[in-house]
Amino acid sequence: MTNVLAKMKIRKMLAEDIGFGDITTETVVPPEAVVTAEIVAKQHGILAGVVEAALAFEEVGVLIKAMESDGKPIKPGDVVMKLEGPARSILVAERTALNLLMRMSGVATSTSEMLEKARRVKPDIILAATRKVMPLLSYFDKRAVRLGGGDTHRFRLDDCVLIKDNHVKLAGGVAEAIRRARSASFSKKVEIEVRKPGDAPKAAEAGADILMFDNMTPAEIKRAVRLLIERGLRERVLLEASGELDLANVAKYAATGVDILSSSYMTFRAPAMDMSLEIRVGKGFKPKR
Amino acid sequence: MTNVLAKMKIRKMLAEDIGFGDITTETVVPPEAVVTAEIVAKQHGILAGVVEAALAFEEVGVLIKAMESDGKPIKPGDVVMKLEGPARSILVAERTALNLLMRMSGVATSTSEMLEKARRVKPDIILAATRKVMPLLSYFDKRAVRLGGGDTHRFRLDDCVLIKDNHVKLAGGVAEAIRRARSASFSKKVEIEVRKPGDAPKAAEAGADILMFDNMTPAEIKRAVRLLIERGLRERVLLEASGELDLANVAKYAATGVDILSSSYMTFRAPAMDMSLEIRVGKGFKPKR
Amino acid sequence: MTNVLAKMKIRKMLAEDIGFGDITTETVVPPEAVVTAEIVAKQHGILAGVVEAALAFEEVGVLIKAMESDGKPIKPGDVVMKLEGPARSILVAERTALNLLMRMSGVATSTSEMLEKARRVKPDIILAATRKVMPLLSYFDKRAVRLGGGDTHRFRLDDCVLIKDNHVKLAGGVAEAIRRARSASFSKKVEIEVRKPGDAPKAAEAGADILMFDNMTPAEIKRAVRLLIERGLRERVLLEASGELDLANVAKYAATGVDILSSSYMTFRAPAMDMSLEIRVGKGFKPKR
Amino acid sequence: MTNVLAKMKIRKMLAEDIGFGDITTETVVPPEAVVTAEIVAKQHGILAGVVEAALAFEEVGVLIKAMESDGKPIKPGDVVMKLEGPARSILVAERTALNLLMRMSGVATSTSEMLEKARRVKPDIILAATRKVMPLLSYFDKRAVRLGGGDTHRFRLDDCVLIKDNHVKLAGGVAEAIRRARSASFSKKVEIEVRKPGDAPKAAEAGADILMFDNMTPAEIKRAVRLLIERGLRERVLLEASGELDLANVAKYAATGVDILSSSYMTFRAPAMDMSLEIRVGKGFKPKR
Amino acid sequence: MTNVLAKMKIRKMLAEDIGFGDITTETVVPPEAVVTAEIVAKQHGILAGVVEAALAFEEVGVLIKAMESDGKPIKPGDVVMKLEGPARSILVAERTALNLLMRMSGVATSTSEMLEKARRVKPDIILAATRKVMPLLSYFDKRAVRLGGGDTHRFRLDDCVLIKDNHVKLAGGVAEAIRRARSASFSKKVEIEVRKPGDAPKAAEAGADILMFDNMTPAEIKRAVRLLIERGLRERVLLEASGELDLANVAKYAATGVDILSSSYMTFRAPAMDMSLEIRVGKGFKPKR
Amino acid sequence: MTNVLAKMKIRKMLAEDIGFGDITTETVVPPEAVVTAEIVAKQHGILAGVVEAALAFEEVGVLIKAMESDGKPIKPGDVVMKLEGPARSILVAERTALNLLMRMSGVATSTSEMLEKARRVKPDIILAATRKVMPLLSYFDKRAVRLGGGDTHRFRLDDCVLIKDNHVKLAGGVAEAIRRARSASFSKKVEIEVRKPGDAPKAAEAGADILMFDNMTPAEIKRAVRLLIERGLRERVLLEASGELDLANVAKYAATGVDILSSSYMTFRAPAMDMSLEIRVGKGFKPKR
């Protein structure tokens, strides 16, 4: 089931990249050349964005002969997609399709790597994205996180309450902020940032659904978890550790006893995955002069 | 001079991120709270995206009290922007503004770092971006590269001819591809990918304006440059080295004698720069209950 | 804090209604005529849409001299907004502004009426909208419900899981459906439709956050609530009664013991509120011939 | 013949409602489930919006197996559409399609009811909509009025001159206003609001094509008609009665001798019609676990 | 009163023309340079598009110091607009603004010229545009025709019925086509193409509001007018002559007795008017190096 | 290979022209009428816009049975396209399709005529468009110029540097302006306007790629060319003559020795080409009453 918004965005990506036309392809490649092509992985990782790349090619009339499944592990040399169609159409959509594929696979791969490290410590831990995503591309970033095994977390400012430090300041305290926030809608969860262990019980008692330990050390987080357990509040809340998590420290945070780790590493710091598109020109092919 | 398209895109970024409304801010923060806020750098680097962040805040009625110049070097603790306005407005645009700033500053910083390494070897070398940018965000990525001291290279498929390997295959050879491409428009340059030293003189003779040595080793590139010099063709063409360039190998490529290095490192692999927004609540501030 | 999306939509509403121009106003009203105008309520109710109407007028250069607050009760004759500006501008935006105001005030008013009846029975009951709203206008419908004292409920298909009858069928049962849905995101609540009392405990045990009793009689709902209490599950879940609720039967549903009533009455069946715009032409005004 | 604008709007409706994805359907319903579904009427009325609902389903790849004709009378239990396709696709478009169908059928039904009452009194009378329609949805509202047997009246501010009370004030009188308005375009009709019987002959003599008796009692309208007949002006103009017309008083207005009745009842006060979508899961269906 | 749609379109024109940025101005012109500029007419004609050009400049922050009125006759050397602002902003909007001005003034000028020739023969004759306008620019074309003294005629396919030859064929005759068309809406006029004199009385009797004599010679049109007079039908209908009208033959058509002449000459064949923008750099100006 | 942007624009053209619906066709033409139709040329010229017209018809479900190639010479009576489909669909898209075809063929034809005159004098001369094109339609105008044998020149402000008189003034001279402009990007050419012969060598020496002799007489241009030859600079630069070129004077400019002529004649002054669409109603056709 293709997302309607994604389809519209991919059409716009193509329009923006093509502009007045692919002046190279239109002058160099004969219109009648029909070819096959393959997109080939050049690194290990988790594949993401095949559905999106397919939409880009279909938009310009290229046939998708075969495609790997999004979410699948791949290795260098794996053929990710097989295409057939006018050479001009394949070339005009190539960059847009690859940019999506490479970005999304990079995000999925780093999600998967980070998750693996965390789950060695705590097998059922959740790794979530943040709202630190590429503007206009948040759908694709969140989808890639999910394909890598992660949780999307909030999509926008309207689908979950997340009370941050600045909000607390302006509301005059944790309890009051939560009280107000609960009027948002019964259908939304209320999450609140906690910056010192002592605030955790307060927030849980005030009715927060999720506590986010933000920029706290693993030791501080452990203390906060202990406080919650001692006061019988642990079961009432989900606990999330956030901050500067990356591949190096994720295991330590996973060991703190929280339910969820969240990080912008996957969408803001991890590299894209390399892939390439190769046109297969059969033996009989004779470029027309 | 603000780019009209950028303004429209930033409006759209906000609309997408806000959705039905910032349910946290609207319930927690009183509408009458007017505050100041600062955006503070947390890393060393080159600043980029201040103009864009300002547009995001202005769109929701926040006053820009002060802002650093895009392109300036910054260090941790530097105040990048000072804002004043309704707390609700500042909070609603915060993430969009920071996402742009952090991404663009990350791109500018890595451009600057890479360029510095290259220029130690060859002081007038140009470092260029590629078309491996975030779809829908290419304006911002290219602008960030420029702010970091780099060259934007092609914006789209229509502003410079770039004949790649796949095009050459379909045209039946380097010379024929260039001949065809020259009909695109006298106002556009013609660049061609060269994959073996021996093809360089052929391409230069056929009238290419720029040769791109793609995925060739520094040694191969040197050989190609030598061939061009020997045949008196060096002055006719600009030479660009491309491929898997990064901070580790850029100096070696700079030493090959080319005029331009191009890399997707800055836009596809380098991390975003960290920054944060702090609301300054004055002494007299009393959150209304 | 104006919603950015709302502003864009109001601009589009004006563009669509004006088309090639207001051919009446442009031919009949002299460009130099500057007037004041008032929007006057013609019925009792709750005001909603003033912010939106103001945006419409501001878009064409009309000054808002005074405006009542959204959410306030009004009576016939109350002046809702005072405007000043070119007569042409006021007239060109009149219908768009009034259509928003009348629709939104109608929704807010019916929400308030229904809520009042329900709260006589159960003072803390929540009345929520559904996703039966006007397509493209859901932001305005949801906002009007909120201004009338109601809860917005889900905004879209992405901000809360709501497992309906058709989903249960396709998943092979209530428990399995809930189990799958919990993977959506820890940040989203899981709600499920329950059509017979006996399914309520099953759903609560399976981990649903909210049970929606859909198209059940008040008696059936009471039975379901009793079952939950008996099994010690009542505190785990929020309970919502939905179906053909309207002004006539809302009290009966409020008496069933649920936490939330939801209805499409306000957005799909209640009438708009009547208002009118009167241009005030001062004594000294002499229409130019 | 599908309206191009309608198609674009329906795509946008879907995009807005789906957002980042239907998190319920995507987690609960297996991608391979292909089902049939039926949309069933739950009330008596005139069907409208089937073409629009079909566009919504087709946009996400659902096959329309059968559909009733827009404009046809329906009764509870009637199957309005039969669908076949991926269960996920049917569910994702369900609400958008039903919202259109229910709104449009509600408008068509109330138009038909009102028209029937009016035509018992005057068989050739026309019942017209006004510009009191849902912003952004005026195409759908007007089309529904037409499917219910009504007249669309003005679509926008540019397709017919309609001189209202406020215009007359600013132009300095009925005759002058009409004189000016006639310069709009020979291709447009000129209609003018008349608020007292004595103004009717004046307006007819000044060259108006249509007189709208706005907020006048049936008795006053009759007097105005008589005056026109006495002065031999009746044949020159079409006469329209407007104001607070509804099912209760429409017959009285129809008896005044006017040619057209116009009312916002159908689009601003009448309820939507109820319908539901039922997924038919065949005997052999086994939900995959 | 600025048309909202026009404003949105002008913003889009700028965005399309600027793309990633005005690479000339951004590199060559210092950001701090503030200048005045004048737009100067280079031909005789009727001015149109000043309001539109002003919108383009205002969009990028240029101040309009003075502007001539749209619709005014101008001569070579006349200063049409005076601007002040950042040199970069003036230069970036220059072409878009001039393109609108030159096109619209060309249309207005040819309308005025043609009208003058026609009115020498018949002083109250109307000259109308057709729907042969530039797609996406019809608002501007129609407005220019009006500024030149012409009539806009139909804006779109929805604001006036115009039964053409192909429609008549498919309806089975003139009378039947008119009968059907009258159901469109009482608020719209019905116009029909007549291709032989003998059809004119038939069309008038069937209730058409306007007859368009299409591709008939002046002699044939005269015969048609005579036939209408003889049968007492002349007063019932407006008469329009259309076809290949231009400056050379317009007088002959004006002499046929019709009320309206319509032509695509102004929008499809007449040249744009020449203008230029001159930057005034004061004596004290020193370009920064 | 269809341009994605063009397709989106053509959809928008249709939406704008159709509005609420083609009220003529929808009332007059029975929905079941399926017909064939032909678009017939009425003048000599070069065909352009067939691809675009086809997109318009396909958008509304019309089958393209046959179509001539864009760029081909045509004569009166030539059938340009054969269509088959619902009569309603053909009629609703007719005007949009023809407007594109007629405009584009007019531009292509005048390009071809002008080029022919120029090439009689200098067989390899290039004729280029300018940026004086219809706003929002520049893609179509530039494509038409190319189909007529011309060169598109700059598409936007971002694909080639073009330093004009106003820029030189603000930069403080030709050499300094070029020096600055060369920093734009190595991938873009630098062109500069030259207004007196003596400036030509200066500009060539400063590193411009193209010199545009703007508003200079043929004699002055010849002098400039001679100066360049004398100083051994001729081979370094492309030379373009611009200004008020048209069919009458183009040969003189071609004789000056420049490489390129550029003119806005084709897009701003030349007439559209006339064509018509004829519905073929077969013998057996009986319009339903």
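In this document, chain identifiers A, B, C, D, E and F correspond to the written order of the chains, with residue numbering beginning at 1 in each.
We take it that a residue touches a chain if its C-beta (ideal position, glycine included) is under 8 Å from a C-beta of that chain, and two chains touch if they have at least 3 such contacts.
Because the structure is predicted, anything quoted here is derived from the model rather than measured.
The chains in contact with subunit A as well as with subunit C are B, D.
Residue numbering shows that subunit C and subunit E use the same positions for less than half of their mutual interface. Centroids built from CA atoms put subunit D at 43 Å from subunit A.
Among the residues of subunit A, those touching two or more other chains are numbered 18-22, 25-26, 92, 138, 152, 155-156, 158-159, 185, 188.
If the chains shown are joined wherever they touch, the resulting network has some other arrangement, not a path, ring, star or complete graph. By the document's touch criterion, interfaces exist between A-B, A-C, A-D, A-F, B-C, B-E, B-F, C-D, C-E, D-E, D-F, E-F. Across the interface of their complex, subunit B is touched by residues 1-5, 8, 138-139, 142-143, 152, 155-156 of subunit C. By the touch criterion given at the top, residues 9, 12-13, 16-30, 33, 35, 87, 91-92, 95-96, 98-100, 102-103, 106, 131-138, 155-159, 161-164, 166-167, 169-173, 176-177, 180-181, 183-185, 188, 244, 264, 268-269, 271-272, 274, 277-279, 281, 286-289 of subunit C touch subunit D in their complex.
Residues 11, 14-15, 18-22, 25-26, 31, 59-61, 86, 88-89, 92 of subunit B are the ones that touch subunit C when the two sit in their complex. The residues of subunit F lying in touch with subunit B in their complex are 126, 128, 151-155, 158-160, 185-189, 191, 210, 238, 259-260.
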